[in-house]
């Protein structure tokens, strides 16, 4: 039983304490995330690799045998789906790392309320969560790019541009999901609904596995709103030079940026309100 | 008075059963678990439970009609040309049955075992482990059947069921659901952590993607084909596909046998494990 | 405390109000807390103690009135204020996935404390909270008392000027409570200002230099435990029982005897300066209580007098 000897209020440098809070939250999140990095690698890479093998190669062999290349703008099916699978993997990776921790922080373990009692501000907490999510997305995307290279699905020169577009889409979508998750008071089936009615349709109807124009016109809007489609369109242009109107280049980027900005500007006030209720 | 009568009867039944073989594990009350299942279901978010069948429907739309245009027609294994949608629809039906059965028999059972402690309470009543196993599995199986019926209701009007044999797809889906539910629960009863449970989910995706669902297994080298053919989903896909496309042969019984064995093994392991866990 | 005027005020609340939609949780309260003292908020459940604590902790924004903590205004300067607060909430909010020492480390990092500073600090805190042996256990694996000690150690990692404790000993066994009181007393000696909510009267009497009794969002009384007892109760209390059906009749005879009398369903309380003397008077008057007890008047008597005996959930 020892005594604690200190002069109250001497240890903390206030100016330092209120700065860089986001990075300290990120440091904490990383400490947690690294505890299950095995699963993150397995799920983050496993799923897209499985789709690459089954759809890219398996279904691809049927498409290529049917001379589908004409419909795909002259490339093999594998080359066609690679940018889409990459975008989907990045988006999924970033999104998982904002939704679960936010639910955990506000509803399950309520860790955000503990952090909120320190010199870290609500906005910094939101940013910290996003930083780690982007790091995880980056990690998955880089590994996946390596695999796509190994399969010859993308040219070497397109690696950096593809990384950028995928991560950008990941950020845009994850910002919206951050804002949305921050509004939930309970997890009553939320993750089931999101995965069933949002993530899966976005994945399947965003021109991921076939040109979006082949869908009936009433299903095409799913693609138009989907970050996967915008990122994939950019990716196909950057990867194998798929034709794209110059104006659309800016539309795609603009849309993803808009998602990100709207998402974050909706997330900050909600974090603020919930933590300083 | 009535209650006394009922109690007396129950005791009589109990005594009679006690003399029968297997009375320590089975009391014939598994239906009370189903009843409990319905009560819990009514109180839960039923929309989430019921909407589980939409996922395969989405896959049918995206793959059948989206990719289908890139692929054209396929040879169905017995020389007939079929559309790509007709080729994958039976596979997705089998997947529906599997998904429904697996959701309830894995995650829900896991939560009940480790957090709700519901089985502990049940087994301290007159119910035996086989009652619990059968009850839970029947409940899970019901969900699998519901999913596959939902799927059939959607695909039949769009002309993907071409002949009367196709109706047998529903009992086939029931069999598949039963198989997955009993093995699912058996495996779950041995698992201890969330991480381990994640691996169950992790195993389901490749099985879904590689069991001849979206392309014939003939694209694989021989040894991979053998592995795939040993997987339960491939067995289910083959069975439902043959029925829906009208390729009937005696060989289909081998798939049925596969599931019967699966059900028996699943039940046996679940019962043994529940007994070991809760009746020490 | 006549020296109050000369001492530095660290918390000042004027007409402090918190409303949630239609519900008024805190209804225009005024109080001041001085540096180095131990200040208590007492009251039944729902009195507004926790809401007041949250506003002082700068994790809840007031609806109306003024609030200054360490000379700063919390709505604008929340993070700066919190940099010098140690907050131990009612729910511990520990990170159950992290080890004991990691909980302390991570929390310290939030305040921008360096690894070099934290390394010895964590050792001190583990000693202080008697958690050295559990340093590598996950917070989840600790007993309730250990979790509470860890939460308090965590609240001290930034060497706070004010330590906020919301019902610190609720749910602890008697040994753990006494250890905790001892620790808190030592902290006060070091100059840490303590703000404590509790509904244990013995705790308030042990720990608090000064306290306010709250009920329905308002302050009912303020002062040191002794002052409050003096003002709202008498020195001693005589408790007598005559049997449930005879209490009413006996109460009529007793009314003139003490300073104040309270008739409860099972017993009668008579407040007086001289308990023993009054009890012998009762016996001399020919009334023979089944049981009788003379005790010191406590904060509990004050509390119950001010907030009533009705059960509040």
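Chains here go by letter, A, B and C, matching the order in which they are written, and residues are numbered from 1 within each.
Everything that follows uses one rule, which is that a residue touches a chain if its C-beta (ideal position, glycine included) is under 8 Å from a C-beta of that chain, and two chains touch if they have at least 3 such contacts.
Remember, it's a predicted structure, so these values are computed and weren't measured experimentally.
Engineer: Between what two chains do the most C-beta pairs come into contact?
Structural biologist: After tallying contacts for each pair, the winner is A-C.
Engineer: Centre to centre, using CA atoms, which chain is the farthest one from chain B?
Structural biologist: Farthest from chain B by mean C-alpha position: C.
Engineer: What whole-Å value do you get for the distance between chain B and chain C if each is reduced to the mean of its CA atoms?
Structural biologist: 57
Engineer: For chain A versus chain C, what separation do you get between their C-alpha means, in angstrom?
Structural biologist: 47
Engineer: Calculate how many whole Å lie between the centre of chain A and the centre of chain B, each centre taken as the average of the chain's C-alpha atoms.
Structural biologist: 33
Engineer: What residues on chain A touch chain C, complex-wise?
Structural biologist: 1-14, 16-21, 24-25, 27-28, 31-32, 35, 109-111, 113-121, 275-277
Engineer: So in the complex, which bits of chain A are touching chain B?
Structural biologist: 36, 39, 42-43, 46-47, 50-51, 53-55, 58-59, 61-63, 66, 68, 71-72, 77, 188-189, 192-193, 196-197, 200-201, 204-205, 208-210, 214-215, 219
Engineer: Quick one: in the complex, what on chain C touches chain A?
Structural biologist: Contacts found on chain C: 57-61, 78-80, 82-85, 87, 89, 91, 93-98, 102, 106-107, 109-113, 117, 121, 124-125, 127-128, 130, 156, 158-162, 186-187, 190-193.
Engineer: Using the touch definition up top, name the residues of chain B that touch chain A in the complex.
Structural biologist: Residues in contact with chain A: 45, 47-48, 51-52, 54-55, 58-59, 61-63, 65-67, 69-72, 74, 84, 195, 198, 202, 205-206, 209-210, 214-215, 219.
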